[in-house]
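For reference, chains read A, B, C and D in written order, and residue numbers begin at 1 within each chain.
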Amino acid sequence: MSVAATGDGSAAPAAELVGVTKRFGPVLANDGIDLAVARGEIHAVVGENGAGKSTLMSVLYGLHRPDAGHVLRDGKRIRLRSPADAIAHGLGMVHQRFRLFPELTVAENVVLGAEPVHRGAVDRAAARRAVEELGERYGLRADPAAQVGTLPVGVRQRVEILRALYRGAEVLILDEPTSVLTPGEATRLFEVLRTVTATGASVLLVTHKLSEVLTAGDRVTVLRQGRVTGRFDTAGTTAAELVQAMIGRTLGSAGPARSTTGPREAAYALEVRDLSLSDRDGVARLSGVSFGVRPGEIVGIAGVAGSGQRELIDAVTGLNVPGPRDSGQVLLGDAPVRRGRDPEVAYVPEDRHGRGTASEMSLAENLLMGDQRRPGSHTGRLGLSRAAVRARARDLVERFSISAASVDVPIGALSGGNAQKAVLARELSRRTPVIVVEEPTQGVDVGAQERIHALLAEARDRGQAVLVQSSELSELRALSDRILVMFEGRVVAEFSGDEATEALLGQAMTGATTGATTGATPEATPEATPGATPVATSGDPA
Amino acid sequence: MNIFEASFLAAVLTATTPVVLAALGGLICQVAGVFNIALEGQLLWGAFTAVVFSHLTGSAWAGVVGAMIVTLVYAAVLSLASVTFRADPIVVAVGTNLLALGLTAFLMRQIFGSGGTYSSPDLAGLPTLAELGLDVPVLGSQSPLVLLAFVLVAVVGWWLRRTRSGLRLRGIGQHQAAAAALGLKVGGYRHGVVLAAGALCGLAGAQLALGNVTLFSEGMSAGRGWVAVVAVMLGGVLPWRVLLACLLFGVAEAVGFRLQGVGLPQQAADSAPYVITLFALILAGVAARRRPKEIS
Amino acid sequence: MTTPAPGTPAPDTTAAPGGEPRDGGPSPGARVLGWARRIVLSTPVLAIGGALVLTTLVMLAVGVDPSLAYPALLRGALADGNLEYTIAAFVPTLGMALAFAIPLRACEFNLGGDGQMAIGGVTAAAIALHLPMVAGVAVVLPLAAAALAGGLVAGLSAPLRTRLGIPAIVTTLLISTPAVAFASYLVRFPLGEQGTGIAQTPPLPDATHLPALAGSSYVTIGLPLIALLTVAWLYADSRTVLGYEIRATGQNRDFARYGGVAVNRLAAVTLAGGGAFAGLVGALIVLGPPYRYVDGALTAPGYTFTAVAAVLLATARPIAVPFAVALLTVLQVGGQGMEREAGVPSQLTQIVQGLIIVIVAVFATVRHLRARRGAGA
Amino acid sequence: ADGSGGSAAPASSDKSIILITPNPVGTNSFLQLGVKGAEAAAKEIGASFKLYESKDPTSIAQNVDAAVRAKPTVIVGISFSFDDVFNTVPKQHPEQQFLQVDSCAKDQAANLACVSFKEHEAAYLAGIEAGLLTKSDKIGVVAAIDSPFVHRWIDPFFAGATSVKAGVTGTPLYVGGNNPFSDPARAKSQTQTLTGRGADIVSAAASGGNQGVFEAVAASGAKAFGVDVNQCASSAGNIIDNVLKHVDVATVAAIKEIAEGKNGGVKVYGLAEGGVGVNALEDDVASSGCTIADSPEVIAKVKQARDDIVAGKITVADPLKG
């Protein structure tokens, strides 16, 4: 099947995948997929976790060789034996987990592999100029001399894009680029992508965020279990249609109902009193934070990255390393939180690879962590009963519908969404009085998002106190009974779930409502402009 | 005791040169993300082959070149096993170290007809710099390889910082998958550095057997390759820091020698370089803890 | 994995023992053949076979008759009463293997076994010489003290690792040489025997000698002791919470910390635990024949390094550690027999060992990679 | 044979000799001499010869046991490292003959013969030479390790020197490190340390490292002493003399006695017995290659001292007994 290009009629698609099939052992990750990307378009690819999106992109970038099918570039069949071939054919890829060299500078990261050389040495001045010029042209500003490891996530992603552009990429593949970005950063990214497509380049965008697809994309291809189940022009489609194609059904109403019956006057299950923390170097990270979460309540935390959320959560879970100028208290009921990790606080961390799982250990062993010292079903007569550990894991796999070949596979072999579900399963099943969740649905498909939200609401309704941190304002609004906004280590605003609009939240996140804007980064302000529509239409090739 | 007297500095230079050369090999592997602990065996192998070639040809320089080539070939075992077959380089290195110990002792009996030490007035040693016309204090009494070692430190430093292949090598060490995704031949680079490290160890062995002394003696590497490994651990991926670590060790050792002369027990002198290095590490660690950290 | 319907437990294929298909298995004969094939093609067998082929070539090249050398090697390790020496070398090597393997499970490299062993040995000697001993328990106290001392020496590396971030692989190595030198100093001077040529302590009192088993002074209670401790470690590693936490720490420190594991304490526990084994080995050597601390005698046989090689050979499978140790010990002790009987220089055994290690490492990875590729299930 | 084993004589007779060393023979000239002696003895009495090299105390015991099983005419163990084993094993095997060279088990059995040496007497004579020849009045010894036994080459050497020249100071340095008996590079730099501080005579007792000592003195214009055998040829013109220990001679004699049925007993070889000495005392000193040949007046003094020691007028203190 060939797909008609919507581009300038005569020309062949910039890139086209024809009948691509890719198997991993028994798994048919891609099953005869056809996909064409027209010149100058942003083409979105959506689908459930494990639908085969990353695999397809890897085929296009020469990382995987397809078992069947081939790739066309500008209508000509090309052979992709390695990423080097892909690069040579003007393909560029930005992976979800960045592939940067942390100890090299921005300029070095950008030019590495295609360095300008002057008299035997890398021409660093030319490299710097190239970064500056590209940054200028596409609005991708990054200090060429900065060490990449010290940069915030959003800037690192810019470096990845710069790198692809520097190599003359005309088809840019981005795998879940926004799942690690703040809303402001995401907005900025789409502005950049529009500038890029305006020059005639194309973008392939893998994402789980349907709103992005509809606002930023031109066309969208939907995958399900390795097959194409829908192709749409974004102009003529709705989220519901996409969801239908993705998961074969429609989603329920707009998220879980907010608690109305919550025991508003009950004692706090989690209380933070006048908490001030500084890091090892004595820099203040939190200043006088106070709030409480009652049983049967979900409290959301919003804020631009680096506003103190991470430190607050580390303090609440007991994980933080005490700094030299700490004061204040974190109370669980009446007792102060236990240092190390308080077993009474369930915690779903943002970084599921680095913190939430040990990727080489089995799913069963991953599901045990945190509970290993509790006398319970996993304990045999003389210690840890493997049978019991596995039985317990199977039970969780079933209850939380985690899809895995067995509980003995390394958790690293699970797809991102399933790994996330495993972490949630582990933490929620512990029935602790307090649950702390960071970025509950990062990198998770819409179907799973819905289930995760439902699970959190369920926990709330059981009377657990839930603290949710998310960079998705819509998610916070859908879930939370109350939303706290953090800025520069303080809680600067509090909204009830009903009154919080994205405009209000966005404004508060810049520190604007309190007047405490002294240190506000200049770039933070425009990013958080409420209701900003990120997509410019100027580059639309139609 | 004047630690700046010429003989002291000369002793430090002599003692450190083989270690520096081997450590440079370890360093470039480290930069590429290969933990190379095969230096000890390769150093021994280099010393042995240097003497064999010098013995066969009557030329010390033939010994040096021969040692570099043969040790490079020997390092191919490590490079094939760990890069091509992706075996654990640490395990393979343990094996090749043992192999070197056995093979040199064994071949020594085959070639020279006896175990122990082989030395002969006919065995050509490396000339001193003074003999080559560079008659300056301290350095004059050293072999040209001493000078070369220090030049190489600078060259490797420049190469890693400034050249295309150096930059790529650093990238490979920091994030292998990323480098591969950029189309770099990661395996090729790794083969390259492991083999180059072999050649450097050959050079180090040649200096030990034909520069420091003019003979071969069973097991004469005597732990110098391990010192080089420690120096790489201390110095990380910066050549000048690795050089510093080697020199620290060499100075501590020379000071220990001298302290023996004033009645310190041999055991204390033996410990001195290790204890001093450990303290240097602890001090550096404490200082790093104090220093405000960059955000990362 | 294509998403199975929610609620359907995934079929547990990898859990079947030996990976045999469950339904309608093959005939018993075919099964035996299958087993035989699997054993013949297993990594250790292939690796040893490969190493033997190469070694035979070396022997032929230098004019040694393999048909004399190999039987001599086996006899040297296993026959003619040599078995007791093999056991005598197996015990300390296995102990040192644990000294390396225990911290390794938490991803800490203990390369300082020599120092820990020397301090353990000298502690045992000092206590045996200078504390009045009640018969019966006289042997227990030096053993316990040696384990404690070895544990303390290794434990020194823990705060350096957790507080200053200096890797244990560096500090254990750096501490080892001074520790050996200190023990050497003690037996040379304060504890040394007068009027003898070597630095050694006087003979230890009879009550502190390790009780011999089976009429051989070389096979002592050290063997059952180390065997018991090995089983205890294997059990603890796979079947206890502590073992689970140690493994998790080794796999991902952040994850373990997040799971409430006191990772810093565990680092100290595993390092000290490893050191305790090294110290114990020191005591076992000193309290066995010739019943004294002879300077250099503990480190000269190279138990520490053989043990490291054995653990690495076992490639992260604890159960394989004793077997790898046994293999290397047989080669080493047998090599001396081969030298005595067939006049084959014992360097040849070093060559064989080196070859085996390299080849096993290669085979193990190739299999591992193939297994990974196959286990897409 | 090359020291790695094998038979030296056709095993035609039923006589056999097994020699066990405490360490690999390798570079150790002392052990090489022992092997040489035992081989010579085997040839003379028509016995087969086998060499068992040990690596550590455990393997010493193993080799002794293996030797006992082989039931040779005599089992020879070299050095004090056999003290412990030869305390017990000969008693358990009364029909087997044993010979210990260079030391004697404390609890000597009737079937154990011992041969030991007074190498300190020879070292004292070398010290006299050094005392007479030093110009800087600074001399030194580079030894492998600091063990009591090694002091037999150090303390009497210095004592000999001060006996002829009161102002001489002697400094011992030890090679140490990871491989003290075979680290010529370290031995060389130890020697350089000594010569750098003014020593003009350095005695080598560094086993495999001796060659390093010789190289260092050659480069700095100092002089050295060799050990055990005549090492003068290995660095012509730089070696004054050697502290000789005729292990081979003594071993041949002791083995022949045992073969003739004279068992047990202790034989001590000192200057009087001609078991130790210096090349200066040998008849062929002129052709020895040793520089002492150029100093007849020193040789005369050495001969006098030898006579005094033999006559008991001078007693050289044995560091091992001190």
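FYI, contacts are C-beta pairs under 8 Å (C-beta built on N, C-alpha and C of every residue); 3 or more make two chains touch, one makes a residue touch a chain.
In this text, all values refer to a predicted model and were calculated from it rather than measured experimentally.
Looking at which of B-D and C-D shares more C-beta pairs in contact, the answer is the pair B-D. Subunit B and subunit D have centres, each the mean of its CA atoms, that are 35 Å apart.
Our note on geometry: subunit A versus subunit D, Cα centroid distance of 77 Å, whole angstroms. Look at where the CA atoms of subunit C average out and do the same for subunit D: the two points lie 38 Å apart.
Between subunit A and subunit C, the centres computed from C-alpha atoms are 45 Å apart. Multi-chain contact residues, meaning those touching two or more other chains, occur in subunit C at positions 188, 345. Within subunit B, contacts with two or more other chains are made by residues 109, 226, 265, 267, 270, 289. Across the assembly, subunit A contributes no residue in contact with two or more other chains. Listed by chain label, the pairs that touch are A-B, A-C, B-C, B-D, C-D. Within the complex formed with subunit D, the subunit B residues making contact are 5, 7-8, 10-11, 14-15, 18, 109, 113-117, 119, 121, 141, 208, 212-215, 217-220, 222-223, 226, 254, 257-258, 260-261, 265-267, 269-270. If you check the complex, the residues on subunit D that touch subunit B are 2-4, 24-28, 32, 145-146, 171-174, 176-179, 182-186, 188-190, 192-197, 208-209, 211-212, 215, 219, 234, 236. If you check the complex, the residues on subunit D that touch subunit C are 4-7, 50, 52-53, 55-59, 61-63, 65-66, 69, 79-81, 83-85, 103, 146-149, 320-321. Across the complex, subunit A meets subunit C through its residues 24-28, 48, 50, 225-226, 319, 340-341, 343, 347, 349, 354-361, 365, 368-370, 372-373, 379-380, 382-386, 390, 394, 397-398, 401, 403-409, 415.
Of all residues in subunit C, those touching subunit D in their complex are 80-82, 85, 88-89, 188, 192, 195-199, 203, 218, 289-290, 292, 294-297, 300-301, 333, 336-337, 339-340, 343, 345-346.
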